[in-house]
Structures are given as C-alpha cells and as structure tokens.
Amino acid sequence: MMKKKYVIIGNSAAGIGGVTGIRKEDKTGSILLISQEKYHTYSRPLISYWLQGKVTRENMSYRDDHFYEDNQCETRLGVAVTNIDADQKQLTLDNGETVEYEKLLISTGSVPFVPPIKGQKEAQNCFTFTTMKAAEGIKELLNEQSRVVILGAGLIGLKAAEAMINQCKSLHVIDLADKILPSILDSETAQYVKAHLEEKGMVFHLKTQIDKIEDQKTFLSDGAILDYDILVLAVGTRPATSLAEKAELKTARGIVTDTQQLTSQADIYAAGDCTMSYDMSAEMDKNMAILPNAYMQGEVAGLNMAGKATIFEKAFPINSLGLLGMHIFTAGDLNGECKSVTDGEDIKKFYFKGNYLKGFVLIGDFVRPGIYANLIRQQTDCSTIDMETMMKTPQLAAFNHNERFKKLSVAH
Amino acid sequence: MLREGEIRIPSGCAISGIIDRKGRRCLNGQKIVDSIAIMHDRSNGLGGGFAGYGIYPEFADLYAFHIFYDSMEAKEACERYLDRYFEVVSYGIIPTKNVESIQDAPMIMRYFVNPLLTKAKSIGKVPINEETFVVQTVFYINSNIDGAYIFSNGKNMGIFKAVGFPEDVGEFYRLNEYDGYSWTAHGRYPTNTPGWWGGAHPFGLLDYSIVHNGEISSYDANRRYIEMFDYKCTLLTDTEAITYIIDFLNRKNNLPFEDIAKIIAAPFWNELEHMDPTEAKKIKTFRNAFSSLLITGPFSIICGFTDGIMALNDRLKLRSMVVGEKDDIVYLASEEAAIRAVCQDLDYIRAPKGGEPIIVRVEREGK
Amino acid sequence: MGIDLLYPKYEVVRNFDRCITCRVCERQCANEVHSYDPELKKMVADESKCVDCQRCVALCPTRALKIVETDNTFKKNANWKQQTIEEVYRQAGSGGVLLSSMGNPQEYPVYWDKMLINASQVTNPSIDPLREPMETKVFLGKKPKTIELDEAGNVKTALEPQIELELPIMFSAMSYGSISENAHKALARAATKMGTCYNTGEGGLNKELYQYGEHTIVQVASGRFGVHPDYLMAGQAIEIKMGQGAKPGIGGHLPGRKIGEKVSQTRMIPQGSDAISPAPHHDIYSIEDLRQLIFSLKEATNYTKPVIVKIAAVHNVAAIASGIARSGADIIAIDGFRGGTGAAPTRIRDNVGIPIELALAAVDQRLREEKIRNDISIVVGGSIRSASDVVKAIALGADACYIGTAALLAIGCHLCRKCQTGKCNWGIATQREDLVKRLNPDIATKRLENLLTAWNHEIQEMMGGMGINSIEALKGNRLMLRGIGLSEKELEILQIKHAGE
Amino acid sequence: MKRIYVNEEWCLGCHLCEYECAFANSGETNIVKAFKRDLKPIPRLHVEDAENGIHFAVSCRQCEVPYCVLGCITGALSRDEQGVIHIDDNKCIGCRTCMLMCPYGALTINHNKTVTKCELCTDNNQEPACVQNCPNNAIVFEERE
C-alpha cells in the first residue's frame, strides 16, 4: 500500500488551494491528489462558457498544464475514494488501491440536487449542469432545432440558459419560486433581470414545477406541457458529504470544520463547497458554494496541514454574474435595511445592519465594486466614512486621510 | 615705454640666499655673486641685485639710505629734505667699478642718518616712532621728489641693485669688498621693461628686504588691502607688495614669521581637519581676519631681516626652491646648482614643501 | 466702462493634431485660460487671462501648446511705444497705480556683461580645480584691527560673531507670505545642505523652520512682522531691511487674501488683514537711529549675532554705506535696481535706483579710502544671474552675493511677473493651498542644491584659470577684470582697466 | 519589494499619470497616435478627485494576499516570484469576480471585455510610466515597510 504525507480528495478550487497552501509551507512532503473526474483541474463555472463557445477546452484549465509537476503532486484522476478509515488513516479507492495518509483534505465539492420527479429516472436527454461531462453531453445534442427546458432559475440554471439561448429553437425556464435568482435578488431586481432575459428570448414559468416527465415531454403544475430535446435539472446543489458521513465526521449543512478547516476528526480537513462555513455578513453558518471561498478555504486548510496555524473567517457570499450583456454584482446578506441608489438604467441596492454594510446588489456596468465588498469584509463602521458619496461611486476618497494613507502609502 | 609704477610688469626670476646661523660676518659678497651667477639663464639682463646684512658695523645704529639720483636738482632737493629732518652722520658716493654691460648708471649715493623726531612735526603726519617716520620719509621722497629714489633704508644692511645680469651688478658694486652674516640675491627676467634701476630687486623697507620669483595672482587683492594701512604701492611689483605685507604683519602686528607664513601661504581648509585644535583655530582665525593677505599664484621668496632669513613657497609650490646646510651656514636658492656652486659638501639639501617656511634666526652672544 | 482698449498680450497656440484633450492644461491653469467645449469636443482658450507663465506648456504631454506674444500692433511710434500706450489705457481704466513684480525688465546697461575676466598664460600657471583644492569658504562680519597672541603663541583676540559660508552665495530675503511655505522650506533645506544661508525676509519665521536656524538670516523690517526674541535668536544673523532694490524708498503691501492662518501666526497679525510695511522704519529717521536699532538687536541677542543692514543701491550709496559701516553693523547688503520683488509700483521698479555693479565698485572703494573696509563685509544682490556675475562681483570687492530671482527660476519660476496676483501656477508666489502644493520641496531643494553646486564648480573653474585657488584672493582683485565698451567715466567708477590696457 | 506608493499631499490631480499609463501600455510609440485611435487606450490606474483639493492616484497595490488572485475563477490572475500580479487575458473571460474582490478598485475592464490592471511597466528596469511622468513626485516607486 502507498504512504503519502498529504492526501487531497477533489481536484477543483479547494483541492488546488490545498496543494498551493501545503507547498507554501512544505516544499517536499509528498502529496497525492485524487479525483473522480479524469480531467486536469478545470474551472467548473467555465462549463457554461464552454457550452456557449466562449472558451476553448484548453483555456478552461484552472491552473497550467505543469501545475502538478511544479508542485510535486502525484495524481489519481478518474478514481473515486470509496472509504475513509479515520482510525487507521487509510483510504480505499475504487481501483482497489489503499492509501495511507498523515493529513487528509476533503474537498469533494457539491453534487447536483435532483428533485424526485415522476419519470425522471427514465427520462431521455435529461442532464444536470455541474460537471464537464454533463456539458459535453448537452453539447452533443444541442442544435438550432433544439427545444430546451431548464428546471431552476438560479445561478446554474440561468448560466446554462445563457449558454444555450442563441444556439437553440426555444428555451423555457421553470422554477417553483416566484422570482428568478431567488438566492441573490429581491423581487424588484429579479423582475428587472427577468425582463432583460425575456427580451433575449427566454420563456419563464415561475411558481411552477414539473409534475412528471414522459417521452420528452414535461408536464407542468399549471397544466402546460412542454416538449423538449434537452432537459436540464438545475434546481441546486448539495454538499458532497457522503464519504464524510460514512467516516462519521460531524456534518450539518456540509462538513463541519473549525476556523482552521479541521473537521471533527484529527488530521482530516475539509474545504470548499462540501463544507459548512460561517457567513460573516448573515452572521450564520451556511453552505457557501462559491469558488473564491472554496479556494481560500483550501489554501488555509493546506497551510494548517503543513503545520502553519492559519485561520479562515472572513467569508461571505459574493457573485459576479454576467447574463447576456447585463452585469450583476452581489455580495453578502440581502436582508438588512435597504438603501437603493438608481442612476438611469443602473440599479444599486445596499443592505445595512446599523452602521454596517451587510450586502449589496449592483446591476449595470459598475467599476470598483470591490471597494463596497471590502466594507463588508472589514466590517467598516460606515458612520466613520462619507457613505453618501461612497454609495454614489465607490471611492477611497470617502475614507479619511489616515485610512487612505494605510491603504495607499504603506506596504501590503 | 612705461616703467614700474606706471604699469604692472610680470617677470620670472632667480633668487639666492646665504646666512650664518652664528651671525658672524664670515660671508664675503663674492660668495653670493658666485651663487646667483650660476643661474644666469634665469635672468635676462634687465635687473639684478643683492642685499647684505651686517655690512656696516661701524654705523650699525644709523639708517643707511641708498639713493638713486637722475639729476643734480633731484639730489639737492632730496638732501635739503634730509638735512631738515635727519642728522646726516656720514655720506658719500657708493663705490662702483666700470663694467661694460652696466650702462646708464644714475648717481648712486649713500647716507648714514639719524632721524630727528622733534623736527618731524612740520610734515603733515605726527610720527608714532622712529621707524614709522623713516618709512614716511621714504614714501615722501620716492613719490614727491622727481628723480630721487631711496632703494635701501635699513640699519647695518644695504641693498645694491641695477639693470644688468646679477653677476655684473655684483662686480659693478664691488661686493667682494663687503663682508656680512647674511646675503640675498636676485636675477630678474621681466617680460618687458625699460630697465629702470629702481625697478630691480631686492626691494627693501627698513631692514626688510625681499627677493621673489613668481607672479602672484592675488596681487590687486593684497595691494588694495595693504594700502588701507598707509602703504603706497608705487612700483606695482609683487615684491613691493609682499615687503609691505611682511612689514605690516611683523613690525606693526608683532606676528612672528612662523605665523606670517600661515597667513600669506595659509594651509588649505581640508588640512585643518588633521591639525591639533588650537592650531586649527589659530589658522582659522588668521584666514578670517587677514583673508586679503593670502597670497595665491606662484611665488618663492627670500625675506632678509636683521635677525635672520625666511624662505617661503606658495602653498602649491608653483616655483622651485631648495635649501641646504653646511655646518652653521644655510643656503637657499631657486636651483640646487646655485648652492653647489658655493658649497660642494653639504650636510643636507632638500626642497621645502609648498607653504613650509624655512626660517633661520642668527644666534648672537648675549642674544 | 466703455470699450476695453487692452488687447490680449499673448496668444495660446494649440496644435490640434497633437492635442488629445487630456485637459491637463485646464486643470493646471489658475488663471482659467483653458477649458473644454463639449460641443466642439475641443479645448478652447480665453487668452485675455493668459500671463505666459508656461505652466500649461510645460505639462502638456503631447507638446501641443505654445504661448506666443501677439503680433497685433498699434501704429509704430518710437516715442509712444505700445507698452506705454497700454499702460495709459490701463490706468485710464483703473485709475490706479500700476503694479508689477520681479526685477526691472527695462533695457538698461548690464555692467556684468561689460566686464571680462582674466586668465593665466605662460608667466604664471592656471590651476586645475580637479587636481588642486579650490577654496570658496568665506566669513562675513567685522574683522579685528589686529590679532594678539599670548606667550604660548595662541590667539588672544576674540572675533566678532561671523557668518561662515562654504560658498559666496546666499539666498536673498523672500518673505513667507510673498512666497509659499514650500518655497521657504526648499530654500532653508538647500541652504543647510550647501553650507550657506537663506533669508526669512520680513515675514517672520515659521516654527517648523527653526531647525534650519544655523543657516537662516532673520530679517527685521519696517513692519516688524513676526519679530520676537526667539525669532532673533533663531537665526545665524539678523538683517535690518532699510531698502529693497526693486522699490527703493517704498514700503511693502501684502494683501489680506494672502494672510492665511499660518502666515498670520508667523507674522503675528490678524488673518486676512493687509500687511503694510511702512516706507521708512518709524524709529529710524537718521543714521544715529539706525545705530540704536543695531545695538538694541545686539543687546537682545547678547552680541552673538552679526547684524546686516540691507539698503537699496541709490545715488549716494557710498556715503550711506560708510555711515552704516560706522554705525556698528557687521555686514552691509546692497540691493541693485534690478532686484526682484513680490509686488512694486511699476514706475518705481523701472525708474528708481542704480545698477549694483556701480554701487558695489563705489562702496568698496569708498570704504577702503576711509580705511573701514575691514569693519564691515559687503554682500550684493539685485540680479546676480550666473557664476560669472558672482566672480565679477567678488573681484569688484564683494564678500558674497545674494541670489533671489535665480533661486526662484531654479524651482520653476518663469518670470511672468504676476506675483502680485497671488495665482502663481508654479506654487511659488502664492498662498492658495491647491497651488502651494504644486511645489514639492523635495524636488525644489534638490534643484537649488544643483544650481549652487553647478555655480560653485564654475566659480572654481574661473578661479583656477586666474591662478587663484582661494576665493579671498579674488576679493577686490580688480586687476582680474577688464571693461569692454565702457566709457572713461564708467571705467573710473568701476576702477578697472579697459580690455587691451 | 518595490511598489508604487502615493504621496497624497503632492498630488495635483493633473491626471497626467492616467494618460502616460494608458500610453505606456498602448503598444504605440507615439502618445498622440495612441490617443487618436478610435478606442482610446485605457489607463491601469485611476486618479480620484475629492473635495477640498484632495487628489490621489490608485493603482494595484500588488498585495501580499491578493484577493483578486484568490478569487479568480479561471486562473488568469497570478502572482510572480517578485510579487507582481499579472493577468493573462487569453484566460480571462471577463467575469469580473476579481473586480468584486479587490479592496482598492484597482482592476478595470478593457475594450475587449477582459480585465486589465497595473503590472508595473518596469521593463528594462525603468520606473513605471506613471512614476516617471508625475510632475510632483506624488507617485513613487520604492521599498517601504
């Protein structure tokens, strides 16, 4: 059996973050990276761009071709881990191998949630939309005669829709919720975006669900029947925790970790979409399936595994989303007291809790949105800055001289 | 052609000096003549001269005036003036010998005089002391009695100069008939001059006599400064100005020759850093207080005075000068040859550094 | 009031092939000449406001701009020149005294340019400043009649307080108020770095600048602005300002708008109130009064500071100087009629006073004739434009020179001569914060150091050529000068020979 | 490492740095030509003009912990050995996540819809264009702690 100092399960942002984190501290210790998918690490969010034809397969790689070599990282791609023996510190792989580890990182990401729909299991040309494999499957079928039906008006569903809208005959989006992008938009902004998408040819069926699927037809709860050539189920994702649960790691809305990404089991760390983490903006634990956090958690986990105590806490959701020429920035928690600033077409909404900015939504061509995001990250007391001008345009001028001096005139 | 005093004439030169430390009158005039003669090519026949110390023992306490006269009128006017303010103890023509190369000699007289201060009142200034009075008289006669020129006025010393090569001048004045304890000599190489006898060197004031080789670039700065102290630079020569500076610093300010050297050939500022602080402070004070007496540009001078000799180079040593010694006799000259010519077996011979004064004081019994 | 008869003096020539409408010119012009026209999509200019300060030209990234004198001409008239006519128009419009600034720009003879410097050939050697020491240190102050030594041969005589300078160039009086804080900082720092002095002018001294005290000359003028014991003690020397070359016999007037918070503190006058310097000191109506002021200042500073008396070069300057030398002053500063100013009545600036060259020659000679030259040092200013001017001034008899205009040029001044407006685009003659910050003292200090370093090198080169290796041997060494194209009278006053003599 | 720092008190708000930056990265050798193109080159730094005469330029701080790099979903952003942060616009798909991550607002969108940022134009070890051309030393390139 093979022995490795570090073993990482998962080949996406968190896993790669893990490798990078480890190598920052430990240049020599052996690393083994295991992934169910056979591909060199690639950027999951890019599958919609690929389907849309905006990026080539090569440009999808998340790190360059010699990333593994450069980091002396051995890989097992297309191989799944079937069991984790936390006491023996051993892994069993589906190719029969067993691997002994000193430190383990679980970054298995998320799995698409497939709702129980009558006839779904037997359904033809029915896909989820989180992996390259799925995207490849769709692309094979997709042509200008295709009738596309997408279940789910969330981020994944709409990115899939954006990818296909100009390559198909018709495209319907179905969602149980009363608005699109429910997780990041309020009704007003959702309506605004929806209008834009409808203009581009999408047809929405909200407050609606699929009752059953039968020979390439979807039967909707409102009685309508839609023929489809391609059906995409994009209702959402779930943290991939099955392995962890088998190994009896503590889980809730994802694998539970401390701020050093350590799980309930010694020497087992977890990072990324498969974990539950603390959303500082909403001030609650949740599963934040977004890439930047995944990477950062992965890196923190890696550093801790290699012995450098590091803490990850500044987590909050952010989304930068382009939909057919309309750009949407959202960050943080959208439940606070809302102040909105509209100039012309563009929409800006800020959500406060007391003096603190908790979240915002920007729709339109905005520059320097990171300055707003940083107000959330730094938990800046907005009464200490000129928030009025700040809300008009993001600017460092809204800070006092000393703050600016810290930002622009001392080393970072 | 304009003569000295009407125009400033640059010139190169040869200088030489010999002194007996013990102050014995053991040096015959011929010795200094032989020394300067060897540097013939450093002169061009337009001026030569000598200063001898201890040559008038019989009149040691009287001022010896050597005077050139261009005319009888000048002579009468001058003697009338001298008779009025001085007791003339003895006088006569300075004995000379016909030398072919020495032409157009003026009348050359010598007076041993004693100033009568009481009578002095009537000429403008009230003299502070004997020496000042003598100096005033010299300035008065030289600038007011046309055709009369006092070119030597010290005690128990005398200057002998003429237009010609120095060796001829020495023969002309029959210097082999004089003995002294100290001599200086000068051979002149003016770039242009009508060759006026008064313009030849040494230049003297009281018992100070200066021979100088060089052309100082600080001349007008020095002149305009020294003229604030009742000196008149009538000849516009370096030698004249340097003589007055030395008289001013030594006689009027009682500064020793060692310090005079520190003023006219002051050490560079950067040298002060390596000096003992009190010395550095002294030099800084000098350079501040007497800044206009710093002499720049090339010079090598030998200054004769009753108690001895000082030889000095400009601080960059832009002119040659060597010093040698044998027993108690010290030799100074522009060139080593001039010393070897009169003394073959020297105890040592060396070239002093720029700005390093060579000061020899005669030790007399009872002194 | 009827037709404005004044046509713009300058034209803004903009090369539209090069202009990229970056609008830097617009942002940099305090006179608001440039602006952007959104309809034309082009930069436009209001030339009537242009003072030809060249700021926009200097900052235009594409060299698209130049400012030229207008060629619009009134009918030629040798007697009634265009400027004369325009001045009449201006006064007919305003009813006021014409104001202008910096030095007299009129065509009077410049004697510096009519004197030539000597060099060694054959009979004595020139000296190579790169191989041999070439000394430029000078001391300013009274010199003792003699130096007495004790038995040990050490100096007994104590010297009067002196100013020691590493080179014979100082920055002349420019007050905080007439020039900006940053300009003052730069002058102070550069003077310190170079071992010379700058001069506070009559505006007092900002506490921040006390650290440069050893290299500061504090001025006491008729307005007595910012004068108090700490101020007097703060400097290396004290200068009593009796007159100024640009406006002899005239006081000063710093308009209230230039008296901001800091200036008011420094000058010790209320913010926004005009700062009036009377023409005379009201406690000095004659030379004996001056003597009293000199000694009260010496008393106030325990005789530790040399006192400078600054006067304008006027007709009987020699006699005045002699009086000052006898009044207990240690140094006399003479300011020629070309000296600069932050504001002066045009008629005065252009018609009163005499050239510094003649004044210096007369004063130095007179003091020597009176045998009091050693009682006082002479500093001259009033348009010293180059190292050769310095060399000539020293050969004429000056101990050191003051430079003002040259220093301001070094830090960006373009002599547009509009200081009085307070809108100096170069951040020098202004108190407007947005303009003041345009002069970064770090840059300005370096430029001033460079200027002095360069001039000192040139002075050393010229000295070396003359076979002089220490500046004191040049002082009053008039044989080193020859006149060129000068009349007998001028030569007589300058006491120099004509070239060829 | 040597970084670009801002001396706010000396910034005149002349905006020269923006133009010199845009020119320096325009690929043109003549500044006029660069700005006479239909698409004017876009500067990689930004001068803020506040009230009461405060101005300052903002460009990438080349952070030790570069949120933009951490957040980049394609791997287009990277930090080299010297610590300079580069962007590979072949890989950038213009998702703008980095813009949302950057606390300084130092990244901007280029004409081709990809992100552009200051990469310290120090080729043949000269100072960055903005520093070279600042008339008042308001932008400097130096080591600071």
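All chains are identified by letter, namely A, B, C and D, in their written order; residue positions are counted from 1 within each chain.
Assume a contact is a pair of C-beta atoms (placed from the backbone, for glycine too) under 8 Å apart; a residue touches a chain by one contact, two chains touch by 3 or more.
The shown structure was predicted, so the numbers you read here are calculated from the model rather than taken from an experiment.
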| item | value |
| --- | --- |
| B-C or C-D - the one linked by more C-beta pairs in contact | B-C |
| Chain whose averaged C-alpha position falls nearest the assembly-wide average | C |
| Greatest separation from subunit C - chain, by CA centre | A |
| Rounded Å distance between subunit A and subunit C, as computed from the means of their C-alpha atoms | 71 |
| Rounded Å distance between subunit A and subunit B, as computed from the means of their C-alpha atoms | 106 |
| Gap in Å, rounded to a whole number, between the CA centres of subunit D and subunit C | 44 |
| Interchain centroid distance [CA atoms averaged], subunit B/subunit C, Å | 47 |
| Residues of subunit B whose C-beta touches two or more other chains | none |
| Pairwise chain contacts under the document criterion | A-D, B-C, C-D |
| Touching residues on subunit C, where the partner in the complex is subunit B | 120, 123-125, 127, 132-133, 135, 137-139, 143-144, 146-147, 149, 153-155, 157, 159, 162, 368, 371, 373-374, 397, 466-470, 472-480 |
| Residue numbers on subunit B that touch subunit C, as the complex places them | 8, 10-12, 191, 214-222, 224-225, 227-229, 252-256, 259, 266, 268-270, 278, 281-282, 285-292, 294-298, 315-316, 318 |
| Contacting residues of subunit A [partner subunit D, same complex] | 13, 43, 45-46, 49, 54-55, 59-64, 291-292, 295-296, 299, 318-322, 327, 329, 331, 365, 367-371, 373-374, 377-378, 394-397, 401, 404-405, 407-412 |
| Touching residues on subunit D, where the partner in the complex is subunit A | 3, 5-8, 46, 48-50, 54, 56, 58, 61-65, 67, 70-71, 73-75, 90-91, 93-105, 107-109, 144-145 |
| Residues of subunit D defined as touching subunit C within the complex | 9-10, 12-16, 19-20, 23, 31-32, 35-36, 53, 133, 135-138 |
